[in-house]
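Two complexes, one shared chain (chain A), two partners (chain B, chain C).
On to the complex of A and B.
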C-alpha cells in the first residue's frame, strides 16, 4: 500500500511525503524536496559573476574572472554532492531496527542504521534553530550501561525540516510499530 | 456561565473548585490569556526577581492562563525546558554582555522573540526588572507588533551616576506606552514614576516582601547577652553591603553589647572580613557564609533586630532629581528612539515577508485551557483532595 501527501517545510517550501506499508511491522516514509531550481542557480551564478566583473573593472586583473568561473563550478559541485539532499527516507521494521537514508542531488547516498535493541523511543522535540523555534522528530537511544537513561538523540529528516503536521503523521505510525514491537517482545 | 467561572476563580479554593475551574476553563476560553514573561533573570540564576517570576507564573497557571517564560541561555542550559505544571521556559542563545544581561540593540532579539510570540499566540507581554535588557527589548518589539504589555519594576535606582541616567532614559522610552506598570513597594512606585516620567495612575503596587507571619522571632533562641542584629542577603553592592561595613564599627563602638550575625555570600564579603579584622570584632560579628533557604528562618529568629536593606534609598533630593530628569528628557532622545521604532517596524515587515505568520507552527500548549499539563494537574489535584 502506498500513498502520497504534500506538506510544507518550515520555510514554506513544498515537501512530498510518501508512505509505503509493506506489512503491519514494516513501514517506509519518504520525504522528497523539490530539485534544485534553475532560477536559484541562475541567480547565484549571476551574482558571483557580477561581483567578479565589478572587481575586475576596479583592479583590472583577469585572474579574478577565471577565479569566479572556478569558484562557481566547484561551489556547484560541492553543493550538489555534500549539501543538497533530494530525498530522505525512514524505514522502520519492528524486529530489526530503523534505517535512515539520505539521497544527495549528485546521487550520493548515506545510510545510518539503528538496531531496535538500542532504540528507547521516538519523540517530537522542540529546538531553537537559527532564528526560529522548530519541531523535529528524533530517536532516543538507550545508554548501554543504564537502560533507563538516554545516551544520544538522533534527529530524523534533518535537511527537509518538515512542519508539525507532517511530523505528527510520521510519529503516529512509528509509535504504532513500536507498540506492536513491545507487545510481540513481551508476549512470548 | 462564563461569569460564574470567573467568580469561582477569584474565590478562595473551595472543595468544588477543581470541578468549576476545569468547567470554567473549557467554557470561557476568551477570558484566559496567553502570557509571556520576559526577563534576563531566571533560574538557574538565583534572586528575588527569579523567584517572583516563578511564583507569579505558577499562580497564573492555577487560574487557568497559559504562561511561558523567555530568558537567555545560561551556559549549557539552552533550548526549551518545562517546569512544574507545564511552565514552559525558552532559554534563547543570545550573548550575555554584562551582569547577566544581554546587549540592548533593540534589533538582534526581534526575529526569535517574534517567532515565539507568534507560535505561542501570546496576548500579553509581562517584562520584569529594569536591569534586564531583554525585558526592554521585548516591550519595544511587543509595541511594534501591537501586543499588550505589562512591566514589573523590582528595583530602586539613583539619578546621579552615568549608568542610572542611561537606564532611566531607556526606561522613560520603553515605559511611555506600556499599558500597565507594577511596582513592588510604594517607595519603588515613587521612584519609578519619577525615573520614567509616568502617569502615576497606570502604576500599581503589589508588595513583594517576606511574609512576616513565617518569621516571628523566637525569644528562646536569642542570646541574653546584649542585642543581636541579623543581616541575611547577598553581599553585593546593590544590597548595601558597603553601608553595612561602614556602620558596623561605629555601632559596635557605641553599643558595647551589640552583636551581628551576617548570612550570605558575595563579592563584598571580603570588605566585611577586612572591617572585622581591622577593628578586632571577631567575637561580635559572625559571618555565616552561604545559607540554604531552609536555614534562613532559623538564623532570622535568633535576633532582636533584623536589618532588611533595599538598595540605595538615599538618593538625591527631589528637586535635583526632577531638574535632572527634565534636562535629560530632551527632544534629541525622543527623535532618536522614534527613528529606532521606524527601523524596528521595517525589520519586522521584512521578517514577516521572509517567514509569514501562517507558516509558523502553532506550539502545543503546555499550560492554559487546552494545555497538555492542565488535565493532568486538575486530575492530580482532585486525587489529592479526595
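On to the complex of A and C.
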C-alpha cells in the first residue's frame, strides 16, 4: 500500500510525504524535498562570475577567472555531495529496529540503524531554532545500564524539518508499531 | 514478537534440504548457517553438529526444512520433509519454501501444540544476508560479547551483534571448500578451494624464523642502547631534546611490535600491527625515494653550494634589520643610547655567526651526504634530522630571542613591582600574596625615579623583543610543520583506510536493511547489508599514537608567555606538562 501527501516545511517550502505499508509490522515514510532548482543555481553561478569579472577588470589577472571556475565547480560538487539532501526516509520494522536514511543529491546514502532493543520511545519535541520554536520528531534511546533513563535523543528528518501536521501523521503510525511491539514482547 | 529468519543469499538457489543454524530465543530469530543436502544419514548429521557445537560453542541445530520447487511441486517431497520434523525435533520447526514461478517465498513456523505460549503460526520475517561479508566483517564499536570460555552461554549482546557473533563463531562449519567430499553435504558460502601458492607457503614458513632473528637483533640493539656509556651526564638530556632520537626510538618500538613473536590476540591488535607495518614500509619507501633523488645527479653538491649563500643572505638581511632598528624604525623615537648598545650587541653576534658558517662551509657537503644516508631509515627520520639541523642553523635567532625576552621580562617585572610600590603595596614572599606596606619618602622617590626610567626605556626593548620573537616564531612554525608531517606519517592508519576503501564490509558500523517486497499472506523479505564505517571514524579508531616530540603548548598559554616575556622553549619542558 502506498499513498502520497503534500505538506510544507517550517519555512513554507513544499514537502512530499510518501507512506509505504509493506506489512502490518513494516512501514516506511519518505520525505522528499524539492530538487535543486535551475534558477538558484544560475543565480549563484552568475553572481560568482560577475564578481570575478569585476575583479578581473580591476586587476587584469586571468588567474581570478580560472579561480572562479574552479571555485564554482568544487563548490557545486561539495554542495551536492555533502549538503543537499533530496530525500529522507524512516523505515520502522517491528521487533527489528528503526532505520533512517538520507539520500544526497549526488546519490550518496547515509544510513543509521537503531535496534529495537535500544529504542525507548518516539516522541515529538519542541526546540528553539533561530528565532522560532519548531517541532521535531525524535527517537529516545535507552541507557544500556539503567533502562529507565534516556541516554541519547536522535532527531529524525533533520534536513527536511516538516511542520507539526506531517510529524503527527508519522508519529501516529510509529506509535502503532511500537505499541504492537510492546504488547507482543511483554506477553510471552 | 515476529519471528525473524536470517537466510544466507548464497543458499537461495540450492536444492531442497535441511536448515542448519542457531535459534536465538531472546530475539526469537533463527540464524540459518547452511543447508544440508540429501541424501544423509541422521546419525552422521547429529555427529557433525555435535562436533561443530564443541568447536565453536554455538548451539547449532537443525532448524527446519528448505524446499525448493524447481519443477512442478511434488507431493511426496512435501510429506517426506514434514516427516523429518520427527527425526530432528526443534522448537519451532521452520518450513521455508520457494516456488518456481514466484519471487515470494513461503515460510511457516510450527510450534508444538502443547508448548506454552504457542500461538500456532507466527508472523515471520525473512532477512537475507551475505554470509561471507557478515563472516569477515567486524562490528564497531566491538560489542561486549560473552567470553568464549563461558561455553554455550547465549550472547547477551544486542540482537544483530548476536547474529554476527553466531556467524563468526561457526567458522568451523565453513571450513570445507567446494571440492570437499564428506559423508554430509552442506551448502553455504564456500571458498574457491585453498590457494596453494608456493610463494605464500614459503613466506609462511619463513615468517617465524625471520621474526625470531629480527627480534633477537632488536633486543641486542636495545641492550647496547641500555649500556652505561650512554647514561653519562650530557647524553640523555641531549637525546631527549633531539627529535631525531625520539623518532628513532619510536620506530624501534614499532619494529619490535612488528617482529614480536607473540600472536595478536584480538582484531584490534592485529589491525594495529598491520597499520604499523604499512606505516613503516611507506616511510622507508619514501625515504629510499628521497635517497635516490639526493644521491643521483649531484643534488647534494647543489644543495651544499646553495646553503652557504642562503645563510649569508639571511645574515645580511638581519644586519639590515638591525641597522633599521638602530635608526628610527617606523618613525618611532627610541632611546638612542640603549638602542645603539643593543644594536651593536646583536650586530657582533651576527658577525660571530657568519664566521662560524664560513668555518663550516668546506664540510657542509660531507655532512649533507651523511645526513642523506639517514633517509634509508625512513623519511620521518630524515625530516626529524632536518628539523634538528634547522634548529642548529638558526641558533643565532634563538639567542637573539632569548636576550630580548630576558631584557623584556626584566622590565615588565620591575615595572609591575614598582607599580605596587606606588599603590603602597608589596609582594610578600613568605605568604605568596600582595600585602600593604608603608614606604619612606626616600623609597618612594627612588621608586618613582626608577619607574620613570623603566617606562621610557620599555618601548626600545619591547621593539627588539617583538622583532626577534617574530623571527623565532617563524622558525618554530617551520619546525612545527615538519613535525606535523612526521606525526601524520607516524599515526595515519593506512592499512585500515585501504581496507575501508577496497573492502568496505570488513569494517562495519552496523547494518542497513532494504525491503525487497511484500505480498499479502507471504512473509516480508528484507535484505541486510553491511553499513561501512565512515572514514573519519576509521581514522579516529585506528590512529596510532604519535611520538609526541612537539612542544605541547596551548595557544592561550603561548600568548601569555609571549606577552610576559617568558621563554618559549623549542622542546617540551618538564613544567609544561601541567598546562
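The working rule: the second predicted complex is superposed on the first by the 187 of 188 C-alpha atoms of A that agree within 3 Å, B and C clash if a C-alpha of one lies under 4 Å from a C-alpha of the other, contacts with A are read in each partner's own complex, and residues count from 1 in each chain.
In this section, contacts are C-beta pairs under 8 Å (C-beta built on N, C-alpha and C of every residue); 3 or more make two chains touch, one makes a residue touch a chain.
Computed from a predicted model, the values in this text were never measured in an experiment.
Chain B and chain C, once both complexes are superposed via chain A, fit side by side. Applying the stated contact rule after C-alpha superposition, one finds that A:163 touches chain B and leaves chain C untouched.
In the superposition on chain A, A:113 makes contact with chain C only, not with chain B.
Across the overlaid complexes, the C-alpha centre of chain A sees chain B and chain C at an angle of 100°, to the nearest 10. By the document's definition of touching, of the two partners only chain B reaches A:12; chain C does not. After overlaying the two complexes on the shared chain, residue contacts for A:99 are found with chain C alone; chain B is out of touch. Residue contacts after overlaying the shared chain place A:133 against chain B, while chain C stays out of touching range. Judged by the number of chain A residues each one touches, C leads among chain B and chain C. Of the two partner chains, neither chain B nor chain C is touched by A:151. Within the superposed three-chain model, A:22 lies in touch with chain C and out of touch with chain B [touch as defined at top].
Of the two partner chains, chain C is the only one touched by A:185; chain B is not. The superposed three-chain arrangement places the nearest Cα atoms of chain B and chain C 14 Å from each other. The touching residues of chain B, counted against chain A in their complex, run 78-80, 90, 92-93, 111-112, 115-116, 119, 355-356, 359, 361-364. Within the complex formed with chain C, the chain A residues making contact are 20, 22-26, 28, 91, 93-97, 99, 101, 111-113, 115-118, 181, 184-185, 187-188.
On the chain A side of its complex with chain B, the touching residues are 8, 10-12, 126-128, 131-135, 163-164.
By the touch criterion stated above, chain C contacts chain A in their complex at residues 1-2, 4, 27-28, 117, 123, 125, 127, 158-160, 510-513, 515, 517-518, 524, 526, 531.
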